[in-house]
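Single-structure report; data block below.
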Amino acid sequence: MASGAVNAEIVLRVSDLRISYSTYAGEVQAVRGTSFDLRQGETLAIVGESGSGKSVAARSIMRLNPESNTIVRGGEILFEGEDLLKLSERRMQAIRGPKIAMVFQDPMTSLDPTMRVGRQITESLKKHLGMTGNAAKRRAVELLKLVGIPNPGDRFRQYPHQFSGGMRQRVVIAIALACDPQVLIADEPTTALDVTIQAEILELMRDLQARLSMSIILITHDLGVVASSAHRIAVMYGGKIVETGTVREIFYNPQMPYTWGLLASIPLPTADRSQDLIPIPGTPPDAINLPKGCPFSARCPYTMKVCGDEMPEVTRFSKDHWTTCWLHHPMAPKVDPPARVGGRH
Amino acid sequence: MFSYTLKRLVNAFVILVVIATATWFLMQLLPGSPFNDQKLTPEARAQIEAEYGLDDPLLVQYARYMVNLAQGDLGNSYQYSGKPVMEIILERLPVSAFLGTQAMVLGVIGGLLLGVIGAVRHNSLADSGAAFLAVLGVSIPDFVLAPLAQYWLAFQLGLFPPAFFESWWHSVLPSIVLSIEIAAVVATFTRTEMLEVLSQDYVTLARAKGLSKVAVVARHVLRNSMIPLITIIVPLAAALLTGTLIVETVFAIPGIGEQFVRSIQVNDYSMIVGTTMLFSVFFVASYLIQDILYGIVDPRIRVAGHRE
Amino acid sequence: MQTGNTQITLTQDHFEPVKTNARDVEVLSGPPVGFWRDAWRRLKRNRIALVAGSIIFLVFLLAVVGPWLTPYTPFAQDLERQYREPSLSGFWFGTDEFGRSMFDRVWVGTRVSLYIAFLATALDIVIGMSYGAISAYYGGGVDNVMQRIIEVLVGIPNLVVIILMMLILEPGIIAITLALTITGWTSSARLIRGQVLRLKEQEFFLASRSLGAGTYRLIAKHLIPNVFYIVIITLMFTVPSAVFFEAFLSFIGLGIQPPNASLGALINDGADQMRFYPYLLIFPAIVLALITISFRLLGDGLRDALDPRMRK
């Protein structure tokens, strides 16, 4: 589990974010009132299935959603005293790179195939730090070394297709780190990689975080990744955050059926092979026709009548741990989480 | 890279040989001999045939034909009383080349602009307008456009001279007409390619670096969009060729195209066949240029030496 | 500790559990649609394609019944009524230098042009598909040889072949069709070969074979829909190109000869006399342009609608 101060100041605050995009079939509400904080030096993991809205939320922080069909329906994103949703494109360009940087999912398509790798790093250095020629090259080579690429001097001149998947992802991280950003957003950085490479990349990121004291938002659907790398977790479903807390709190004391489902479906290396894997039945909600109440109500094994009709109220368990679920209402029946969940390492 | 180029050159040469052979073969099937003039007596005809070696065995004729071809001898023209075909071609080539180049430049620049605007301002009025113009440009054939342009802009409005090639100004209207189809093809293709590229991850990453939109387009989008553009070099060459034939005929420009059409009407076989060989060389050359450009532009070939 | 702003007052009744059946949840919120219906729905939304389709239909209709709509015929000459301007009471499209009704000639010409285009395209597809299917099915050495042949053929410029062929054959419908077919079949061959190769590699092909399923059933179920898609799209784009080529050939004198009519021949005549009688050129030109544009637009629309990857 990652270590680090959890009481530090807030670096980024997302409040009631609402983002939709228009398609030929109608308006898709991707993010429906999401709020979370990112604190200095921590790694916040946003966990959810595909379609939960986590990527859209993350990209909204950097305003990287496609302009032609993205609609900001509300909310604010506070960073260094400004609302990022209201800034001009020009101001955003000054923030992207030097202050907030991003690492994408698929290293095979994230790099421009026709440009040398070194140049893709120096582009950033030249624009934001005003570096020129040799100084930029030296810094770029340093960065390549920092992310663990052997022979950085030679590699500088090479093209992306000459690197393996894992190496390319390291390059993408180097590009992100070029201008020393405060916040790094990693959108499923290891999903497209082999299991062994995944571990390497995660370790690299933990290492870099400690060295450069960055704050990281880690987006993933894989709880295993979360366990090793994150301090706090936010669980997203159907465009909303349904539970959030520190890693200990979520893993040892989860309070929401969807979280239980996620935890129960992780295969344990020590588990008895005769036990079935328990997937969560059903499919993600249709993002155009969303239920009025809790988005998980259709698939939840503990659904009650009120769940589909009304959004649950927020229940707080500690400073960092809260959830939105009707099971915690005093009038609700007492329910225990399934045996496999809770109290596990 | 070098071995790649060599291979393509050899390939081109082989194809030219095949075409020349096929052409010669078809020539043998042409109805009537070139000297099928009624006024000749059978003896005179026999004498001429012997003189031109038309009574030698086929293989010998073939060999002679190929050797002549290699030396640039395409036979003599019938309608110009024995003037060598090659000479006539060389006389008229500069005119067509000038017209064609001017049209190419106009068309490619215009098309690129239209395509880029369409892609960058996707789904806007400008985009729909540009796309519509492009479809029109591709669908309305030159032989409709040319006479219409001649009628309205030259005859009715008197903006341009309607025919002949006495000054540079005379070449403007024909070049514009010729460039329209080219521009339409280039525009459609550019727009499609750019839209495709704009949706790629690496473009989002470039934006995530905080680069300005202009920088993103100029440095990442354009280069990746241009590569597929090389694919249309050959269709463009074809459009240029057919267009030249038509435009020169309609505007009475003394180029190769006009000569070719006239040769068809008077059945000047040597001229027709000779010009066709020229067209073949032109096409094969454009294929070759396309392949070589691929080699230069795609770093995967440049570095690895072969196409994946 | 609870926070929130629920509008209604909650009763114990609200907290009754609701049985969720896992199977119910699998049902998507909209009614499921079959492949064809989905494609048709998508096509319907594309208004441009629909307009294009209607235009094509109209042109076809007129090509068939056009000449019957007037009391005149396409070939009857009458020098007394030469060069009449188009008018609604007299000749709708005017007359040419021989006094023939342009309306009739245009539609007869359209018939010829469309006939050539479709015939050539059909032959194209049949020959190409057979070649490609055989090549891919047998694979190995046979495939290699057949592909080499195609490579060489593709390198020979279409225009050159067409011109040479027109020189030796007597200009006419058969000649043009032949010339167009010879130069056009290679693309269908390649497309089909790609499809069959892909099919061969798919696992269920092997699985079915090991279960003893007939090859014919396989082909029917998997190959046909893909092939259909390819055929339609190829058709949509080859037809206008064939119409164009035929018109082009007629324009330079290698195509349909007078007094027969085709769109290209008519445009050629019209272009010559355009200075004084522009209507001779304009009507056949408009029909040609309409055909070309409509096929292209409809082709684009069909391609988007039928593309299996774009299904929602």
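Chains here go by letter, A, B and C, matching the order in which they are written, and residues are numbered from 1 within each.
Throughout what follows, a residue touches a chain if its C-beta (ideal position, glycine included) is under 8 Å from a C-beta of that chain, and two chains touch if they have at least 3 such contacts.
Just so it is clear, the structure is predicted and the values come from calculations on it, not from any experiment.
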item	value
Graph class of chain-chain contacts, one of line, ring, star, complete, other	complete
Innermost chain, taking as reference the mean of every protein Cα atom displayed	C
A-C against B-C, pair bridged by the larger set of C-beta contacts	B-C
Between chain B and chain A, distance of the C-alpha-averaged centres to the nearest whole Å	54
Inter-chain centre distance, chain A versus chain C - centres from mean C-alpha coordinates, in Å	47
For chain B paired with chain C, centre-to-centre distance based on mean C-alpha positions, whole Å	26
Shared-contact residues (touching 2 or more other chains) in chain B	none
Complex contact set, residues of chain A against chain C	24-25, 281-283, 286, 289, 298-308, 310-316, 324, 326, 328-329, 331-333
In the complex with chain B, residue positions of chain A that touch it	62, 64, 66, 68, 89, 92-98, 101-102, 104, 106, 109-115, 123-124, 127-128, 159, 161-162, 172, 175-176, 178
Residues of chain B defined as touching chain A within the complex	122-123, 199-202, 204-213, 215, 219-220, 223-224, 227, 297-300, 303
Residues of chain C defined as touching chain B within the complex	152, 155-160, 163-165, 167-168, 240, 244, 247-248, 251-254, 264, 267-268, 270-271, 274-275, 278, 281, 285, 288-289, 292-293, 296-297
Chain C-touching residues of chain B, taken from the complex the two chains share	11, 14-15, 18-19, 22-23, 26, 29-31, 135-136, 138-141, 143-144, 146-148, 150-151, 155, 238, 241-242, 245-246, 249-250, 260-261, 264-265, 269, 272, 276, 279-280, 283-284, 287
